[in-house]
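Next up: the structures, one after another.
One chain, chain A, appears in both complexes that follow, with chain B as partner in the first and chain C in the second.
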Partner chain A sequence: MNQSLLKRYGLHGILIPIALLWISPLLWILVTSVKTRVEVFDASSGLLPQNFIWDNYPAAMAVAPFGTYMINSVLVTGSILACQIVTISLAAFAFARLTFPCKNLIFSLFLLQIMFPIYAIFLTNFITVRELGLLNSLPAMVVPFIASGYGTFMLRQAFRQVPTELADAARLDGCGHFATLWHVYLPLVKPTLVAFAIISVVTHWNDYMWPLLVTNSESVRTLPIGLGLLAKSDSGADWTRLMAATVIVVSPLLLLFVVFQRRFVDSFMHAGLK
Partner chain B sequence: MSMRINFFKPKHDTMVAVFMLLPSLVFLAAFTYWPIIRSIYFSFHDVMLGSDKIFFLGWENYERVLQDSLFWKSFRNTAFYTLITIPVAIICALLLAVALDTKIRAVALYRSIFFYPVMIPSVAAGMVWVFLYAPGYGPINGMMEFLGLPKLEWLYSSDWALPAIMVMSVWKYSGYFMLILLAALQLVPRDLYEAARLDGVSAWHQLIHITIPLISPTLYFVIIIGILHSYQIFDYVYVMTQGGPADATNVLTLYIYQNAFQYQDIGFASTVANMLLLFIGGLIAVIASTIGRHVHYLGK
Partner chain C sequence: MKTTKSTISRRHFLQSSSAAITAAGLFGSSPLFAQGNDEVKLQFMYPVGVSGDINRIVTEMITEFNTTHEKIQVEAIYAGSYDNTEQKVMTSLGVGDPPATWLPINSALQTFLSMDALADVTALAKADDIYQDFLPGFLSICESEEKLYGLPFQCSTPVLYYNKEIFAKAGINKAPDTWAELMETAKALTVRDGSDVTQWGLTFGGGWHDWIFESFVRQNGLVPWQQDKVMFDAPESIDALEFWVQMVKAGVMPAASTWQGSANDFMAGRTAMLYHSTGSLTNLRTSSPFDVGVAFMPKNKTYGATIGGGPILMAKDQPDAHLEASWTFARWMTNTQNQTHWCKSTGYIAARKSSWEGEELKSFINEVPAAKVALDQAAYAGAFLQVPGYHKVREYLKSAIDGTLAGDTDPTGALKEATVKSNKEIERVMRRRS
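Our next item is the complex of A and B:
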């Protein structure tokens, strides 16, 4: 008994310092955002600010149109997710429940997309998007992500778990494939849809490289791009305002994460399971 | 009208399937397959950004790439980053997952603390670490001084800039890998550990001989995911160092970007992109034929 107690506390003894190390960048952002500029550069002023200065937040909001960025981020992330749900539901249903020629070959073509993330093929995609006349528009940030091999894979696994009797019953009631998909399959795989939605939103809300390449005006920029621009002009000069801006940018997802912790953790946890 | 009714009957599976796959296939074709084909085509041609003229070059771009010292430097940096960061992050993740797969208190809190960096945009993460690494007033050097260690120039030093970015990447990704591994650990039957403990098997040997073999499919999956995530180094390098100092942190994705958008040389940039795809593809093939063969699947 004594030994297991020691073991238990020993584990905390190892985990607590690591956890503090892990959380310290976030604490550093928060603390700096309420400091004065002088305190940042003065090593003798200690870790905590003398007084909590909230002025950095309005200053950050005033220096760049974060409201517009936020709206663009919501529009882009929301459109990607809405389109993905349609494409992956249809494709996953076909792979899970229909018989057609070359099924395995076509499925592996879908999986191929996982091997070629946008970071690997951004250059020729940029040229395609430019030829389509989409540069510097919100759709440019959406179109490469509408089809999702990963989402199709995830949903196909879930559809396969649905008992075929249910689909047969729906068929007898006169439902076609589309009606069966809508009325029987989709309601039954809601947890998988939520898990996919969370992963998709986290990924695309945070996207940096692709939106950076295809946008060049304030009206279409998203939050990470706006923050990057501010960083270029502010870093080394005004860390307090920059950190306040960082808090504004990271807080939507972090707040959602804190509120729906279980959901978020479960989604990412089972993302790897086949 | 009658056609419509036929269309929804099960014997027309193929037609329905085509209809259901078409939306995905159109976008996959336009934004995954076409760019790959085009990148191969461009690499054999002289293509400039914003110009319609294309000249056939044969293997010239490839010869140029192989003799380009900056390409090799970016290649070495990319390989160094991937081959060190991913194993280190996975080992950290595995140890954290094993520690959290116990009945200790505050498991959920620990899990969230290790996982939250995944929620932070790469640009924000990169920027904050620029601040943490700042040579004069940054807290990391403050800590070094406190511990009696020499202060370093970090991102301004050609020796330390890349390792500094790698440390940040481990912080950013370990929590993600940890969660996926935790899910697998929870499926390992508890009585196996119980039996091993009764036989006097040490915790280390339990990890090596029971845990790792039983979660090897997930471990394998995490390695592949990790390699694919390593592409994202572009964001960190772009925000933190712009490839500097003296190209010490230039990586292939950034080198593609520079060639395409600064020198407008799409043909050469495509050639570098193909070399990157070859490297990542080759790495995955090597892993599939070595580690992939030793993966144990439970059940069947």
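Our next item is the complex of A and C:
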């Protein structure tokens, strides 16, 4: 009896404090976003705000057109993901199941892409985007990322786990490469796709330097640039407004996570990522 | 601002404008904009170092400029922090399509000069009232070998902030004026609970402590750099660092801090005095639950301060008509009225004497006497570390200071090493660019 009680709640005893630890920054963000500026640093006023001040939200919104930024962020991140899913499925399928000359060499070159820090290829990417005439537009933030070495690698490994017998059966039923990919491989690697989608979305949602470099007008800029306006480097951050804006920037991602939570957790278990 | 247009048309508009600047773009011949040919289009890239509202203020100023200047259209481009702005400008320079004007930190002057990127505006300035009306210290941040390359726009210096409440409690009624008094006051204000310090006497804003350190060296009567070398190992520099070490050893000052953390500590009353930028004045004043005092940085042999912030620079690689327009723009941004307005709304120090003589700033000083401190101290201020490759040089100096304050090494050895490394780096950058 006692033992089973320990078994049932013992794990919770460990996990709940850890969960609280993880959630505390988020709570701090929320609490700070409804405080007054003086309250943030006044130790005597305690952790909780004395009265809820919602003014920080409109004040943060007034700094930059966050609505436009939000739409742009969604468009950019969404387009990148959509393009990536197409390119990495096709590339990974080729690398996993087809034979063609120099396959391993080409695959190694693909892997090289993972090893280059993005900053090392900023200038060449910038020149390319400029020559395409895309500077200062939404596509400028999408184009450099439509292929992903990392995603191709992840998906190739997942495709190789799929038994070839299934593909053979599909072929007997008259499927070509595309149909096999669509009907057999992709449904079976959904968890990997979801795992990759999370990584890709989080990376590009938070990307700051590249969008800053290739855009000039407010009408095509993204959320992190708006946040940058409040993280004042010369005078210490404007905490209350910065946190209000942070709530707005992270909430779509959090919402997405809450809605698809079970699927996300499953996919990470399947993909073997932690 | 043409905000009512759709994204697409705005994009075309901008592309055609940048194409007009390079005169080699894809959309240069777009019939939509053919009638606007005699209009000069300029880009202005600027950082936001102090407050989110600055973005709005700059945008408003530029909108006003555009409506009052028919022949010139300036596009305001927010470019992140000072470092981000420099990267963005460098990238544009790299592809041969620089913005017409930009606002870097003044340390970057030699870096841009060595890339041959800056237009010499000495003649234009001499034909104007620039040399008469700008505060000489501020004007010097855009000068190299007696030539002028820009106009000072947003200038700041470190100042000494102090917590008046803590001072009153300790019965101290005036801010320290010399290094000795600084040490004494810091000792009197440090509060210990056992071996833990609950209230520091003094904190330097970390991250920019090399900037503050140069002020200390200047207070010893030396500017520790020339345009092609640094002198961190001069007796004046070593003496300054030894003073810092003494304060850390006396336990009145933390050996390390961060820029934002130190400001937070001050607002929370965990440090009685703080060396921070004048740019922080508004934030510290409005966020602290106590009265904030502002004073000169205490002197040793003399008062001394280092100028942060930057000038508006103009690109060399642009047609004459555009350079002329760039000058008109830079001149307008720094005219008497605009410097007054900028100073009042941001906390940066107005660079023009005539701004300070005007009624508006006179009454502002009455309301906020702290602003006067910043102005008076500006008489002792000069440019900050204008050497090529200053990024690395700053890192060398910072790690020498950090190592010494942490007790890992002695001031002389650390500064000698930093000097050798820095000079090697400067030589390398100059060789590569020549």
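FYI, the second predicted complex is superposed on the first by the 203 of 274 C-alpha atoms of A that agree within 3 Å, B and C clash if a C-alpha of one lies under 4 Å from a C-alpha of the other, contacts with A are read in each partner's own complex, and residues count from 1 in each chain.
We adopt the following convention: contacts are C-beta pairs under 8 Å (C-beta built on N, C-alpha and C of every residue); 3 or more make two chains touch, one makes a residue touch a chain.
Please read all numbers here as calculations on a predicted model, not as lab measurements.
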Request  = Classify the contacts of A:40 with the two partner chains as first (chain B alone), second (chain C alone), both, or neither.
outcome  = both
Inquiry  = By the touch definition at the top of the document, which applies to A:86: first (chain B), second (chain C), both, or neither?
reply    = first
Message = Per the contact definition in the header, classify A:152: touching chain B only (first), chain C only (second), both, or neither.
response = first
Query = What is the contact status of A:19 with respect to chain B (first) and chain C (second): first, second, both, or neither?
reply = first
Inquiry  = Contact-wise, after the overlay, does A:63 reach chain B, chain C, both or neither (first, second, both, neither)?
reply    = second
Request  = Figure out whether A:228 sits in contact with chain B (first) or chain C (second), or with both, or with neither.
outcome  = both
Request  = Would you check which partner chain A:123 touches, where first means chain B only, second means chain C only, and both and neither mean what they say?
outcome  = both
Key: Touching partner for A:171 - first (chain B), second (chain C), both, neither   = first
Key: Between chain B and chain C, more extensive residue contact with chain A   = B
Chain A positions touched by chain B in one structure and by chain C in the second = 40-43, 122-123, 126-127, 208-209, 212-213, 225, 228, 235-236
Inquiry  = Quick check on the complex: what are the chain C residues that touch chain A?
reply    = 3, 7, 10-11, 14-15, 18, 25-27, 43, 48-53, 55-56, 75, 77-82, 84, 87-88, 91, 94-95, 97, 156, 259-260, 263-264, 267-269, 276-277, 279-280, 282-284, 286-289, 308-309, 347
Query = Which residues of chain A touch chain C in the complex?
reply = 37-38, 40-43, 60, 62-64, 122-123, 126-127, 130, 133, 135-138, 208-209, 212-213, 216-217, 219-220, 225, 228-230, 232-238, 241
Inquiry  = Per the contact definition, I'd like the list of chain B residues that touch chain A in the complex.
reply    = 7-10, 13-14, 16-21, 23-28, 30-36, 38-39, 42, 96, 99, 102, 104-105, 108, 110-125, 127-132, 134, 136-137, 139, 142, 171, 175-176, 179-180, 182-184, 217-218, 221-222, 225, 228, 231-232, 234-235, 238-239, 253, 256-257, 260-261, 266, 269-270, 273, 276-277, 280-281, 284
Ask   = Which residues, counting only chain A, touch chain B once they are in their complex?
value = 8, 11-12, 14-15, 18-19, 22-26, 28-29, 32, 40-43, 47, 86-88, 90-91, 93-94, 98-101, 106, 109-110, 112-117, 119-128, 143-144, 146-149, 152, 171, 176-178, 202, 205-206, 208-209, 212-213, 223-225, 227-228, 231, 235-236, 239, 242-243, 246, 249-250, 253-254, 257-258, 261, 264-265, 268-274
